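Can you read through this structure? Questions will come right after.
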Amino acid sequence: MAILVNENTRVIVQGITGKSGILQTKSLLEYGTSVVAGVTPGKRGNSVEGVPVFDSVVQAMERCTPNAAISFVPPMFAKDAAMEAMEVGIELLVLTMEGIPKHDVLDILAYAEGRNIRVIGPGTAGVISPGKCKLGAHPSRMFIPGKVGVVSKSGALSYEVGKTLTDAGIGQSTVVALGGGPIWGMNQRDAVELFNDDPETEIIVLLGEIGGGTEIAAAEFIAKAVKKPVVSLIVGRSAPEGKSLGHAGAIIRGNKGTAASKIEALERAGVHVALSPAQVVDIIRKLG
Amino acid sequence: MKLYEFQGKALFEEAGIPIPRGALVTADSRKDLFAPSAVKAQVLSGGRGKAGGVLLVSNMEEAEKAADSILSLELKGEKVSALLVEEKMDIRREYYLAVTFDGEARTPLFMVSPSGGMDIEAVADREPEKILKLPVDPLWGITDYKIRAMADFLGYEDKKEFAAFVRRIWKLFREKDAVLVEINPLVVTDKGLVALDSKIELDDDALPRQKALFETLGAEQLRITGQEGEKGGGTITYVPLEGNVGLISDGAGTGMLTLDLIRDMGGEAADFCEMGGLTSPEVMYSALEQVLEDKRIKSLLVVLIGGFNRMDEMAEGILKYFSDHKSDLPVVVRLCGTMEEEGSRMMTEAGYPVYDDLRTAVSDAVRFAAEGE
Amino acid sequence: MAILVNENTRVIVQGITGKSGILQTKSLLEYGTSVVAGVTPGKRGNSVEGVPVFDSVVQAMERCTPNAAISFVPPMFAKDAAMEAMEVGIELLVLTMEGIPKHDVLDILAYAEGRNIRVIGPGTAGVISPGKCKLGAHPSRMFIPGKVGVVSKSGALSYEVGKTLTDAGIGQSTVVALGGGPIWGMNQRDAVELFNDDPETEIIVLLGEIGGGTEIAAAEFIAKAVKKPVVSLIVGRSAPEGKSLGHAGAIIRGNKGTAASKIEALERAGVHVALSPAQVVDIIRKLG
Amino acid sequence: MKLYEFQGKALFEEAGIPIPRGALVTADSRKDLFAPSAVKAQVLSGGRGKAGGVLLVSNMEEAEKAADSILSLELKGEKVSALLVEEKMDIRREYYLAVTFDGEARTPLFMVSPSGGMDIEAVADREPEKILKLPVDPLWGITDYKIRAMADFLGYEDKKEFAAFVRRIWKLFREKDAVLVEINPLVVTDKGLVALDSKIELDDDALPRQKALFETLGAEQLRITGQEGEKGGGTITYVPLEGNVGLISDGAGTGMLTLDLIRDMGGEAADFCEMGGLTSPEVMYSALEQVLEDKRIKSLLVVLIGGFNRMDEMAEGILKYFSDHKSDLPVVVRLCGTMEEEGSRMMTEAGYPVYDDLRTAVSDAVRFAAEGE
């Protein structure tokens, strides 16, 4: 099972003939991801690492029936490409690019909303179900199959924790990075809900950071609906107040979004709060 | 890109949104100064009123004095180099109206309040029931029923005028790729609604398709105020802090984690510097330039974990920097992920040790910094 | 059960204080429909036939939790009112008005599409589940509770057949009129699918007319998925070719949309085709 | 409202869509006639080319002769009273492009074909693969990828020009409340794409919000061609047929059912007349005026089954008509539904029998008509 991607995921790479597209397609294929088609307008008939290239998602859908898309389309064309994938019936969209105009992101998410289309990102490292499918930029050696589901806003933090778990011999069902932008699609609560419903996931790791309220929303959901053990690590405890640390969401406003307020909400929801990746491992070992 | 009030108002005028009659005055050219009027400092920061940046004058003498006074101010670090001089309005009521977006709800958001003219964040804190927030479906646009709800909330009678006003604001917000259009106060006069202030921020990510607009506004900012509006959109985030461990990371999440670990291990970071998702040797080089300007730094900690990011490119940037800038600073590089073998090889061959474990790297960087004091 | 409306339907009347709104509210209440609220901007605090009136659907939702809306809002304001109901979470919308600008209808249906919002109409007589709920203009005495589900594009034709069934003592589970406009929401196929899934409906009556292809689409669905007996009556057999007979859809183009082609498709799908309401009764009697 | 070619082209020009240089010429004013040119009859029906309604001329003498000839034509019942005279184009290829809506799919629809300049319905019949149909989400608008698909299908090279062209068509379609914008042919010249013809139909239901546009166009049609464009949107549909039973119904569905029943019972309807959903005494009165103009009618059958429609109002309309127009015609009124008691009472008191069963009513009407012959 795992969540979002698994052995049945058939991937189309949008923007496959660009520099990132080629590089990442190679990496996805090396991991064993079933990349069935690529799209770059005007490049029909070419191939990238053996993957056939089409002018449009419609053409690719007719011949290769992908069910997930990863996009490396340049920011100014990302909205159109996302709509193309969504209209054709792609149900999972991973938007890796940063710098998509905000109104375009809002439009994409408004269209996806309520249509059962999952959008991860933009500005995301993507998602990996170790041993089954990688739909993102994850360094392969940092992830091994197992029963811990990890969700993170930050991509690099998801690698860091994945690496720590893997080094400790603890495998993962799926690791999702949501993206660090000021507007993004799937959020922590959604991922926790999926992990909660996934029979293969036994422990959920929720990685959060200062700023915003999505970890609080996830904590409320956990308190209400999640029976599986949840371990959380909130980074930015030592950040200065009122300064933006890269992720636009990471600004402390009053008491809202501080590490302390999040940790408190999570603990109230019965979540095990760790202070470092190493502690995440310790807690999981105790739970197991 | 943040716009000055006079620039926002020019966009308002173009969009058919009523503004007071006004003129721009600079230190070099005061010919358009008039009275009676309101003389207003043109700065990008807020709170200018309390700091003496807005003065009401009745005659030309007062106007000249006010101009002298305001042009000599520095407001939150910004030197005032331009003034907007506007007719005085007969104000009956002051509203607050803004449209921006709510990232967590993934939707554009209108906000209105009958408590205009005040610090809206204070209102939000103390009397949240005085702010009406209405999300908008961006594909559908602002609906009449939401406009009616806003007018009812404000108690404004002329629904037709209000609807036309709000629709123009929405159109401006969308067509100019704004991330914020704020009017505080939006005043009710005997002639109807007038935007007495303007705070507009454009989306830097939209620059490629708003090129002409950005260029015009940018050139104007340079010419008139001597400085451009703040810009985001660059890949490097740099925040100076108080410690002595120089920190660079290739992601905000790991950067914050490292910040926490440094403190947990008894150190203090000199900065927070992260390079964003997809970086390059040049970005790495710039980050080093930026961070190492700070001479309090006693050790440098570079934390890299590559996904889209390539470790060979990161190594290239680091080695280029240190070949251009000889330095005895202890350098701790944690490098893993995409192309890590190549990156490690390059670093090791150049004599820089490479770490794989974050905790060990942080621990060494903190120790080196302490030893350097 | 029945389909679309039943004893649990809580109705909001949009445009309740207009002439049609008042008249129809009275008629709905007389039938026993649970009309919980009405909306007319600026009329908050009034009441119509004892039903409280609000300025907005949001206000009505907070206090009266309706789950279906019937709209008598004038055509130029219909789009905004429909969006109001849809955004607030109303899942069934009956748009009675004719003359809504076409682009507005397209917008309403595009928003509803994929969001699980059912839009009946515009230009519809609505829907009735006899004895349970009436959400339309149906003359009450023409309908009695029973096990025959009826779907019709034309409202008057649905009354006519309802009346004939009722006069013959044959009751109906639900009678739906889809509306005669050039663009409309729910279609025959959708209604047949609902009837097929409704345990209370034993026989489905599909009323069609010349023009367009929606009866053919319904026939294809019936052939594939419907096990219950279906009786059909296609009107306009004697219509002259190429002339529009009121419903904009009712134009014969080549062989497309003729009564003959529809009857053939329906018979191929195993549907019992009647030539008059009386024959519908005869066939149902034989089936029963 | 259907627009004449010259009106559609004026909208094109306003929208930035390239059209040939041209001038309007009427019987009264030929001063703008020029040559060489194409002289084109301005009519609302199609197929004017085959009927001699379009002539190419090389000099002024030919132009005058062509104008004489075309202005004397009647095309499908329409007298030609205006001509559009246009520059001749150097045509390389002819495309078809239209945007309308697909009611059953509930979506706007673009259609393009490389087989322009021909009867597109014939192409649709014989070579459907030569027409590309692309639905458009109306809230999202036309996407670049669909525009690319159209350009690829046509084999048109300049994608940028094509994209701008299509976007303008889409904008016009939405902003003017059009139900059809058709260009056949859309020609490729050495200067790029040019709309050589124009067929636009506006949505009559949008009149209230397009008032100025409808008024301007309507007045122009009256002034220049002596007739207004066809209008739908009226509630009464009237189609004359061949028989002797006058038929009026209050719904298209029951109307068609009655038509079938009349024939099944050996009669023939003289007309199909239906009054639409929500009617009134006045509409009933007008329907009777319209239908009873036909003097072949030997019996009148009025089939009413009221939902939104009130039977007392229908009775009022019928009784008013027959009190204004004395007649010996057998009148069969089937009346049931909303307010049926009151309607029946009114009719019965005035001496008109009222039927409840449709079959009996049809049977009597057919019999009366046969007896009247």
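Which chain is which? They are A, B, C and D, in the order written, and residues in each are numbered from 1.
Just so we're on the same page, contacts are C-beta pairs under 8 Å (C-beta built on N, C-alpha and C of every residue); 3 or more make two chains touch, one makes a residue touch a chain.
Please read all numbers here as calculations on a predicted model, not as lab measurements.
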item: Contacts common to subunit A and subunit B (chain labels); value: C, D
item: Centre distance in Å when subunit B and subunit C are each reduced to the mean of their C-alpha atoms; value: 53
item: Euclidean distance of C-alpha centroids - subunit B vs subunit D, Å; value: 56
item: Whole-Å gap separating subunit A and subunit C, where each centre is the average of the chain's CA atoms; value: 43
item: Two or more partner chains touched - positions in subunit D; value: 137, 139-140
item: Numbers and ranges of subunit A residues touching at least 2 other chains; value: 107, 111
item: Contact graph of the chains (line, ring, star, complete, other); value: complete
item: Residues of subunit A touching subunit D in the complex; value: 41, 55-58, 77, 80-81, 83-84, 87, 107, 111
item: Residue ranges of subunit D in contact with subunit A within the complex; value: 137, 140, 143-145, 148-149, 152
item: Subunit B residues touching subunit D - in the complex, by the definition given at the top; value: 139-140
item: Residue numbers on subunit C that touch subunit D, as the complex places them; value: 20, 24, 27, 75-76, 96, 98-103, 106-107, 109-111, 113, 123, 125, 136-139, 142, 152-160, 163, 180-185, 187, 207, 209-210, 212-214, 217, 233, 235-240, 243-250, 254, 275-278
item: Residues of subunit B defined as touching subunit A within the complex; value: 101, 103-104, 106-108, 125, 137-139, 174, 177, 179, 203, 205-206, 208-209, 232-233, 235, 237, 239, 241, 249-257, 259-264, 272, 274, 276-278, 305-308, 336-338, 340, 358-359
